[in-house]
Each structure stands twice: as structure tokens, then as C-alpha cells.
């Protein structure tokens, strides 16, 4: 296990180098540069020239990349071209919101997904099964920006049960939960469908297995049988989905944060790409990639804990 | 079997209800009592230094924190002194500006001629890399004559000087605060509100400046919230969580006009939206083609489709901009599909197609679709290419397009500051995206910049306007209305034609 | 937004070559038909295909021509049974032509993604020495949120549907590569591959003629579900203003444009929303049905 962790963390280094290189190149290939965006539509040639000089954009690409990577290796993600704020600081302000949103949406997805999955497995081929399958699939089929706007209109404007947008309170307060509810539902429905689907097949598989039959035969009450054995096995799809979809979740936060005016890393990214804020995009992407790898590592560890049959070399 | 699963279903329902937070709704977060005013901006405030920023979201905040030497009257658009008391021109190259006494910056240091000199020198220093440095470029020297008199010298007479000094970016900053700290994060000015707290990307909080020299404001605090989606911002306005929004699209107006909680105010503004041609290459080189397009554009229909967020004018310099003369309306091309068809024939463009580039912001995509429809009626097929703003800006600078739909906010409200950057040959490769180079127009634009005589400026600007409308590097599509929506309890908000506003006299009833 | 479907197709087992391919196809078909939901999906997709192919025949208006005299008509209006949009364009025409666009977008981006993914997966699975390197590349692609990748590609190449196709297909590559690699790994040490190798068949021949046909089941399932993803992703990019160029009747762009009319003309956003939902739903259930049908262990009854 320790071996696995060390190996994965070592693999992270070339991965991050690769990502930073790709992001760097693609941003520089995109038309426009930070100076152009800082100067805005009113900038004259002189304005642009002095901004470029000030930002060091006249150096060769190679020099710029080395300068950047040199900083990163010393733990310095640099400064935003646009706001001149430290990139680390800018990300740290926003990361908690994104994190809370992701966790809340995973909770929503798990509750709905595992519930629907178990019901449809137990009630296999009944109308309840069809209903929850259809429901889960409908969830995956709704464009989430559309769902978000609809939820705001209904629950925040019409009924006013929830605040419209923004996050102002910590997630453990009532206000914080309410603020997270709509965005978490918006983001979580997609994953819920996947979890439901996988839970259903996992539970079906378990039901057919011998030890369940044995347990039943031994006279254990059905509810307990299912509870004990299925839940444990249902954990695996949940973990898998969380792990594999973490990238998706972070991607989803980009749109959800936009709709719900949440000051998160996703929105930071949209703006930074639009502003050609090279350092900011780099920093945020590196953070996301690192998280992705760490979450997947965590998932693998959890696998091993939940299912002792899984072994890592 | 059935009964055993009821428990599960109940648990599942209960959990989803808890997660969905189905608790009794709170009443409106009514902030009317404590006089905190909330403004929702669709864009992030980039920074809070007037020297280092050039975006409208930052400008809105800067307008509350800092002040300029001169301001525009929001109604008449006349320029009047603010931090300045008066000024005189002993000769056209010299501006002697007398300052108000007894004003303090938020950090307690006095406002004086030194501060003005410091601000402008810093602003003009190429090392500062101020994005809007061009605004004060004509200034040669700033001198302190006595503590409350500053002398600005230019090499050539500079007509739009007062308009430039009234621009948000020419706000006066506290020299001590700038030297010691970072105005981008901790702004210090003389304005009615001072900096309290800023969570970047989320919320900027300002508090009242108790010592404000021009009467203490009624609001206690002002919040700038970032809400990227206009429809979300409108929802916030309807629930009373936000008091003011000013980036409305025509689509939103119907929804708001039916609302009993919201006041929508519109007034004619300075921004102009145009259809431009690449004057250096492609079909736009041919004046017949440009005239054909001008005849094919039905401005009334465009304005109508924009549902009252735009007003018509044939002029490039529109009704709210200095240099406008109503006679321009007769000089423009009238809507005439037949003439347009004939001219397209003459230009050899019938049955051919062109590409219109535009940005995916504001009303541009909508206008592009409408223009596309109108050109189709006259027999010209147009493809639309909407770009994200950065790419649009880049290609516009390089002149890499056939036709373009763009706009110019004109935050100085002075015609020179529209024609010079956008249509003068000096600025090809930067702001003059259409690469217009018409010597006759250049001459008049230069004249408007190098004289301080108001009447003469009006005259040459009108001439330039007429000339450019005839030559048609731009076909004006519409001129914007400034639209603000507030909750019903907001009083005393003054918005000027450039879209600038101050919260100094605002109160919540 | 899109889901990663790698997980859900992972369960499809790889079978040894069977001489009776046609028979197997027929039995799969029967099983899919038997599955009610998959049948519904098939019907919806069939309708979409019909709409896409016969679009000019079943509409009376050009989806791109404006007529401001009839703008924002509600559904049920005379001559426009689904109403019109803010420019007076017929909603039915736009939905029908939109079906064509979403189908073309989906097929082309999935096809491109499959080509890339299959190639990567085959190589990585077959050549052990390439495996490490290629899988690191795949990891790298995985660690990039798809929408971010798309935003970068579009910032670089510009906004157009072609670039959206490129972005979405690149985004499909890593999951597809993993699935194919997994199948190849389990196949390549099987007896028939050993036998082929011993009689001197070339690697390329073995990969393309013998291994690839045996991984078709998971690829088909993946491709079907990926169609759903591609259609959703296109609409998400349109929402961010990075997708279709106006006046292209792309469904996602229609939703995004219609959202502002939610209060006054809700049909402008609800109708394309339903269209997307139905189609995405259809591809998902069909994918599900195919997976069940192709999996001999999953006897559902």
C-alpha cells in the first residue's frame, strides 16, 4: 500500500509537467495575450507595448516557460497577469467553495443514486424499477445549466425556499446548507444517475451470489441480508463513480458556479482563460489535476479497504 | 416483501428531503433597514487602482472610492469642477487648475496639488504600464504652482482635456497609500465610500466615508457582488437580495417590466454599436459595397428588436456625444433594399458571401443575426463568426476580418475620443480595427483634438462625422440606452449617459 | 455536461471469436428489442434519424430566415405549431434541423474519438513496452476536466462546431482507450492469438483482424453512450457561448438563447430542452440495453 502511494505521487510529477506544458502552449497559441485583455478595447499601440514589457511578455516562449516552471518548482505559482494577485492566494480564496460544492453534490448523488439503485434492483423488472431507472436516466439527460436556471426560478424566485445564488455562510450552518442545496442538486443529478445504474447491477449481482442465498437459507431476515451485504457491495460503484467522475465534477462545477454565482475555482478558470491570464489558468489547472490524481489514489485505497479481494502489486 | 421496503423508501425520501433542505422559507433578506446597498456586477472587479485597471466593473467601484478633478453633470453632460474649484487657460497649451481645499484622502492625508502631480506622473510613466495611459498622453508636464494650484502643460493644444480629466481612470489617488501599499487591493481615494473588505471574485465591501467633504452619504455600506449570469442577477433583484443591476439585455426587460418589485430606468447613452468594414482588403475596400450595405441596414427594425435598449441615429457620433449635430440624420443612408441590390450588383457582390465577425458578449450576437437577415433580403449572404472576447479583440486589432460588429462605450462622451481611436489612421494596428485611413477625416479629427475652442470643436467634429458617415467605414447600427434596474426602494440614483453612476445620494426607503 | 461512461461499460466481457457472427447479431437484436426501455430509445433515435434525413421535406420554413412580424408566437399558432422564436423563426423547423445537427455532431465526434481511443487502446494493450507511456498519456487526458479541455481548444482554434467536434472527440479518447486496452489485455494471451502468432501472422493483422472484432461489444456500448455525452457537451459549450454560430439551430444554443425569455415565451427554452433530454435519454437507454444484451451473464429474466 505504501508502495502504491509513493509510486502514484512520483507519477504525479511528470503528469503535472506534461499538463503545465500543454496548457502553456495552448494558451500561447490562442489569439490574444494578457496585455491585450488588460489594455482592453481602448489600448493604443504604446499602451500595449508598455504593458507587454511590464509583464515580461516580450521574452521568448521558452524563457517564459522556464521562468514559470522554475517558480513552480520552488512552490511559487506566480502572480496573476490580470489582477497582480498571488495565484496561490486567488485559488485558496476560491477552493473551499468548489470543494464544498463538490462534496455536497457527491452527497446528493450518493443519496439519490444508491437509493434509486437499490430500489430498482430489489424490485427488478417492476414498474418501480422502470420508474427509478427512467428517473435516473432523465437526471443524466438534463443539461445542467438548464436545470440550474429552472431550479432558481422555481425554488428561489417563485417559492423563495432557497437563496438565489452565492455562498456566504459556512456549509455547516443552516444558511450554508440552503445556499449549497440548489447548486448541489444541479451538479449531483448527473452522477446520481450513474451511481444508481451501477448500484443496481452491483446489488443484482450480489443477490444472485451464493452467500446471500446461504444467508437467506440460514433464516436471516431479508432486510438485514440486503442491508449488510448489498450496502457493502454498493459502496464499490459509489467509490468508482466518485473517483472516475471527479474530473467531471470539477468540470461541472465550472458551469454550476457560473449559474449560481459561486466564487469557485471553476469560475476563476473561465475568467482566466477569457482574460488569457496564463499564470492563473496554469495554477488552477495544476491544482485540479493534482486533486484528480489524489482523489483517484484515495479511491484505490478505499477499494482495497472495502473489498479485500483487490490487491495492488 | 412490499412492507419490508417501505422503510427504505422512507429513508431515501427523508434523506433527499434533508439534502434538499426543505425547511420553512425565510422571509426576504430585507436589507432595507440597515442601509446596505448591493450592486450585482456580471464581471469581476479586476482591481481597485484607477491607474492600473481599464474595465467597467472596476470603474464602477473606483467611481465610489475615488474622485476626479472634473465630472460630467449626469443630466446635461456638461463638464463641471469636482476636486477642482476652477480652471483657466492662459494659453491653449496651459491648464491652470485651482483645487478645493480641506479635502482629505481616506488615510487622512490632505488632497493637494502634490497628489494630483503624483497621480498623473505615475499614470503617464511607461514603467507603470497603465492600460489607459493614452488618456493623458498629450500632457507634457504637470507642475505644482502652490499647494492648491496645479499647472498642466501640453505640447500641442489638447481639446478633450477636460473630458479626459473627468474620466474614471484619471481619478486622484493618495500618494502615500500608493507608495506604501497596493492600490489594486487597498484603494485610498477621496470619494464618498472607502474600502472595507474584498474577497476577490465574490464581494467587495465599501463603507461610508464619515468625513466626506461634500455631504455625508446616506448609505452605510455598499457591496459589489459578482453574479456572472444576468438571469441569476435578475432573480436576486426580484428577491431583494440585490438593489441594482446595470447589464441588462433586451430579453430581460419584459420580465422586469412586469415585475412589481423592480424599477427599470432607461436613458439615451453614449455607446455606439456599428457594422464595420475592413477598409484595406476584401469587399469593404469598394465604396459601392459599403454603400450597398448601408442601404440594406434597417436601423429602425434593429432598434425595435432591441426592445428599447437602443436608440437610432445615423451618426457615428450619436446624440449624447459631444460633437453631435442633428443635421447628421439627413446625411446618412436611408433604408432602401432596391438601391442596395443595385449597388451589390455594381460591386460585383450579388450572390457572393461575406463573413461578419463579432464577439459573443452583449447584444452583438443578436445584432449579428438581425443584420444577417437584413443583408439576405438585399441579396448578400453573410456568415456570422462569433468569437470569445479575447480572440475578437486580437483579430480586430490585426484587422483580420471582412466585416465586424463591434461597439465603443465612449466613457469620455467626447466625439474626439471616439473618432480618434477608432477611425484615425494613427491608430491602425490598435483601436482602429477597420483600418480606416481617410485623410480628410484625419485632418478634422486632428483639428478637434488640437483646439480648445468649444464651438470650433463642435463644428469640425460634425464635419468629420458627416464625412465618415458618407464614406461609411462604419454603418452605425444603433446607439445604446443606459438601462438600470433597481428595487423599488432605491432613491436618488443618478446615472449618466456613459453608464457611470455614483451612490453618494442614494438611500433605501 | 457529460459523464464518463467508462465505468458502466467496463462490465461487458470479451468473448472468444465466434464463427456465427450473424446469428449473434440477430440474438443481440432480439434481446435489445425485448428490453422495453431500449426499444423506446431505439424508436426515439429512429425518429431523430428520420427528422434529420428528411428535414427539408417535413418543414415549411427555412430555420435560419428571420421574420420579425411573427416573433415569439406561442405553440399552437397558425402556421407555426411549435411557435416561433425571438426572431420569428419557426421552432419546428429549428428543432428538425437541430436534430440533424445533433446527430451529425454526435456521430462525427464519437467516431473521431473512437478512432483515437481504439488506436491508443490497441497499441497500449498489445505492446507491453508502449503500455506505460500511452497509459500515462491517457492519465494526463483524464486529469483534465473535459469542459476545460474544450475551452482551451476552442480558445486556441476559435468558436465553431467543427472545433467543438474536435474538442469532444479528444475528450472521448481516454475512456475509450482504457476500455479497449482492457479487452486487448485479456485477449492477447488467449490460445487463438498464440496460434496466429505461431503461424507468423503480422501484429497489425492480429490486432485489426482478430483482436479488434472481439472488442466490438464494449466499443459499441461505449459509442452509444458517448453519443449522449457528445450531445450534452455540445449544448454545454453553446451555453458558454463557445459552440454553434448563429443562426445555426443547435439545440443547446437554442436553450441558452431562450433562457432569457423564460417568463414571456417559455416554449423557446422548454422545447429544445425536451428535445435534448429525449435524445440523450434514448442513447443512454439504448446503451444500457445493448450492454445487457451483449452480456451473456446478465440474464434479466
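The letters A, B and C name the chains in turn, as written, and every chain counts its residues from 1.
Simple rule for what comes next: contacts are C-beta pairs under 8 Å (C-beta built on N, C-alpha and C of every residue); 3 or more make two chains touch, one makes a residue touch a chain.
Everything numeric in this text was worked out from a predicted model, so none of it was measured.
Chemist: Applying the touch definition from the top, give me the chains sitting in contact with each of subunit B and subunit C.
Modeler: Common contact partners of subunit B and subunit C, which must touch each of the two, are A.
Chemist: Give the identifier of the chain nearest to the protein's overall CA centre, each chain being represented by its own CA mean.
Modeler: Given all protein C-alpha atoms shown, the central chain works out to be A.
Chemist: Between subunit B and subunit C, what distance separates the C-alpha centroids? Give it in angstrom.
Modeler: Distance between chain centres, rounded to whole Å: 43 Å.
Chemist: What whole-number Å value describes the gap between the mean CA coordinates of subunit A and subunit C?
Modeler: 22
Chemist: What is the distance in Å between the mean C-alpha positions of subunit A and subunit B?
Modeler: Centre separation, subunit A to subunit B: 36 Å.
Chemist: Subunit A: which residues touch two or more other chains?
Modeler: 30-31, 149, 153, 258
Chemist: Provide the list of subunit B residues touching at least two other chains, using ranges where the numbers run on.
Modeler: 231, 388, 390-391, in rising order.
Chemist: Give the residues of subunit C that touch two or more other chains, as numbers and ranges in rising order.
Modeler: 155, 158, 259, 262
Chemist: Which of the residues in subunit B come into contact with subunit A in the complex?
Modeler: By the definition above, subunit B touches subunit A via 1, 4-5, 7-9, 11-12, 15-16, 19-23, 25, 28-29, 44, 46-47, 52, 54-55, 126-134, 137, 182, 184-185, 199-203, 225-229, 231-233, 235-236, 238-239, 241, 388-391, 393-397, 406, 408, 421, 427, 429-431.
Chemist: Over in the complex, which subunit C residues touch subunit B? Could you list them?
Modeler: 65-66, 68, 86-87, 154-155, 158-160, 241-242, 245-247, 259-264
Chemist: Considering only the defined contacts, which subunit C positions touch subunit A in the complex?
Modeler: My answer: residues 1-4, 6-8, 11, 36-37, 136, 139-140, 142-148, 151-153, 155-156, 158, 228, 232, 235-236, 239-240, 252, 255-256, 259, 262, 269, 273, 276-278, 280-281, 284-285, 288, 298, 300-301.
Chemist: Going by the contact rule at the top, pick out the subunit A residues touching subunit B in the complex.
Modeler: These residues of subunit A touch subunit B: 30-33, 36-48, 50-51, 53-55, 82-85, 90, 93-94, 107-108, 111-112, 115-116, 118-119, 122-123, 149, 152-153, 156-157, 159-166, 174, 177-178, 181, 184-185, 222-223, 258-261, 263, 267-268, 271, 274-276.
Chemist: Residue numbers of subunit B touching subunit C in their complex, please.
Modeler: Residue positions touching the partner: 230-231, 249, 251-252, 254-255, 258, 301, 304-305, 360-361, 365, 368-370, 372-373, 376, 383-388, 390-391.
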